[in-house]
Amino acid sequence: MISIKAVSKWYGEFNVLKECSTAVSKGEVVVVCGPSGSGKSTLIKCVNGLEAFQQGEIFVDGISVGARNTNLSKLRSRVGMVFQHFELFPHLTVIQNLTIAQCKVLGRGSREATEKGQRLLDVVGLAAHAAKFPAQLSGGQQQRVAIARALAMDPIAMLFDEPTSALDPEMIKEVLDVMVKLAQEGMTMMVVTHEMGFAREVAHRVIFMDQGQIVEDRIKADFFKSPGTDRAQQFLSKILSHGVQA
Amino acid sequence: MYQFDWSSIPGALPYLWQGMVRTLQITGVAIVVGILLGTLIAVARLSKSSILSNLAALYVNGFRSIPLVMVLLWFYLLVPQIISGLFGQPGVDIRLLSAFVAFALFEASYYAEIIRAGIQSVSRGQVSAGLALGMTSGQTMRLIILPQAFRRMTPLLLTQAIILFQDTSLVYVIGLAEFFGVAYNTGNRDGTLVELLLFAGAIYFAICFGASMVVRSLQKKLVS
Amino acid sequence: MVTFVAGLDWNIFFQPAFDGSGTYLRFLLVGFQWTLLLSITAWILAFVVGSIVGVLRTFPGKLLPGIGAVYVEVFRNVPLLVQLFIWYFVLPEIIPGLGTWFKQGLNPLLQQFVSGVLCLGFFTAARVAEQVRSGINSLGRGQRGAGLALGLNLLQVYQLILLPVAYRIIIPPLTSEFLNIIKNSAVASTIGLVELSRQSQQLGEFTAHWYESFIAVTLLYGLINVTVMIVSRFIERVTHLPGYVGGRH
């Protein structure tokens, strides 16, 4: 579904991504972890073209992200993204957040879009909040709405950029629960996160990045039993010793 | 002690009111065109095309570096020539038309800066979110960024409108009579210039102070 | 447009002026001089009065900040042109001693100049006051408290601690106020002061070479603008405090 081949990116002189290669198959859940500054957020933003890259290729469902004649809007409407800071639109109600792209990008009628939005709010457990504004919701609620907003576009894959990093600890579980359900239903997911409990539960593979490179790319069981590199070992022990995850 | 003679004011009120209507007309046109044009210029200024961006910067910096008096004089020179070039004899009040054009274009440059700051104050993440849903840059600007920018900028836009309202008195230099012009002419003619000028000052103060209080309470409501 | 500009009669600036004062170029430069003189003098007044009012607005209590607030509201809510006419036409009539001296003791040019300086000065002072107030407020209550805790009295705190930093922060908006004075000086043409915009009008009226006149004057205003911006950036650089991010650009 998603294939990343030898992707390199520079911010001016700074080489932020170094020849990254990996792939995510249909229905697979891949977790990307690593210390800050490792380039993991940048990599995931390259997948839907929010960040440009200078070398390499990325294909999503057979379409090249970097090619000049690719219709990026169309591509992005088929791939959902959830952001660290939720990025709900504050001037629109919750339900309007869910319908605006359905109508303006996919051309759905407003009744159809609203029905779909309501159904998705139900799925994430927020049906009663449809008429509220984002500022009236807690962080965990906002992020669940953000997930629903992305799902409203019927995406073929979902990208998550540190979805729980900006949440208070009590609210992390409610968001992870939604993501777990999504994974169990067979959604193709690429998730940048520190939440190793989530990885252990539903991920198929774990990718470890450090300083712009993909250092490890292994199936979950192997990664947690014995990470191949020292770097990954160090990282894992620091994360797990915090004891926040299950 | 100066003997105040307010007697010529009551009789002049109808004319003063007409002058005020004219003031409001100029203010209104300048606000509407100024905001519309100012938005286009602000968006152009922020665009990736360096041609558009530089043209917009030229426009804004150009109008903001010369006095309003000169802008009025310039358009009072240009507008009649352009009109007579296009339409022959103008049937309209050329001073008023020049004033409309001058103020609209001048205010647009000030509004453009306010709106640009407003657009830039909206978090970049909102742009990413819009694009990630498959919206084009244009849709993102129109549906997501501009609505938020305008909400934040409303107090500043209104404050600029109050300044504009005061600036309309400068059409005096092209011989157009709006509220201030009428007050001055009346006072001059009747020998009661002192009283008329104080009266005009008081009216302006009442209107502008009142309006600025409204803006302040609006600002408080927006913050909450 | 380029051919139009090239086709204008630029020799007009070398013709003798109608008032016998020399060439028209000199005629415009006289206006330029008066614009600068008016602007700089008014700026000095605006800076001093504005600083006092701005500081007053940040004093503790209600009376002094209230006086400052009244000043700012009065001078901000009446148009500049109306204020100018009040200084020039109204005050000399209604103020007993000084007023008569103004009307009879000063020659017309000085009358116009003094009215212009007073009007622009007090008008701009209201805006300077707001900048000074916002500069002082941006430092937070902590600085004031620290100074007082050391035993300094309030005026010393302002003089030694608050103002030196506040003024540095507000150099960009103060520059912009100075540029505003230069632009607003054109309003003095309405009471006959021979500043730059009035000279350009006169030149146009006497020679019908409006375009040449306006273009030259517009360029002169633009030149003043650019020069002031350069000087201001220089001042900012020279007074920069290490580690302190400057005011908004």
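Worth a mention:
All chains are identified by letter, namely A, B and C, in their written order; residue positions are counted from 1 within each chain.
Criterion: a residue touches a chain if its C-beta (ideal position, glycine included) is under 8 Å from a C-beta of that chain, and two chains touch if they have at least 3 such contacts.
Because the structure is predicted, anything quoted here is derived from the model rather than measured.
If touching chains are joined by edges, the resulting network of the protein chains shown is an open path. Relative to the whole-protein C-alpha centroid, the nearest chain centroid is that of B.
Computed from the mean C-alpha positions, the centre of chain A lies at a distance of 47 Å from the centre of chain B. Chain geometry summary: the mean Cα position of chain B and that of chain C are 21 Å apart. One inter-chain figure worth recording: chain A and chain C are separated by 56 Å, centre to centre, where each centre is the mean of the chain's CA atoms. For chain C, residues touching at least two other chains: there are none.
Those residues of chain B that touch chain C in the complex are listed here as 1-2, 65-70, 73-74, 77, 166-167, 169-170, 172-173, 180, 184, 193-194, 197-198, 200-201, 204-205, 208-209, 212. Within the complex, the chain C residues that touch chain B are 73-74, 76-83, 85-86, 89-90, 93-94, 96, 179, 182-187, 189-190, 197, 200-201, 204, 210-211, 214, 217-218, 221-222, 225. Across the interface of their complex, chain A is touched by residues 123, 125-126, 128-136, 139, 143-144, 147-148, 151 of chain B.
Put simply, chain A touches chain B in their complex at residues 45, 48, 50, 72-81, 83, 85, 87-91, 100-101, 104-106, 149-150, 153.
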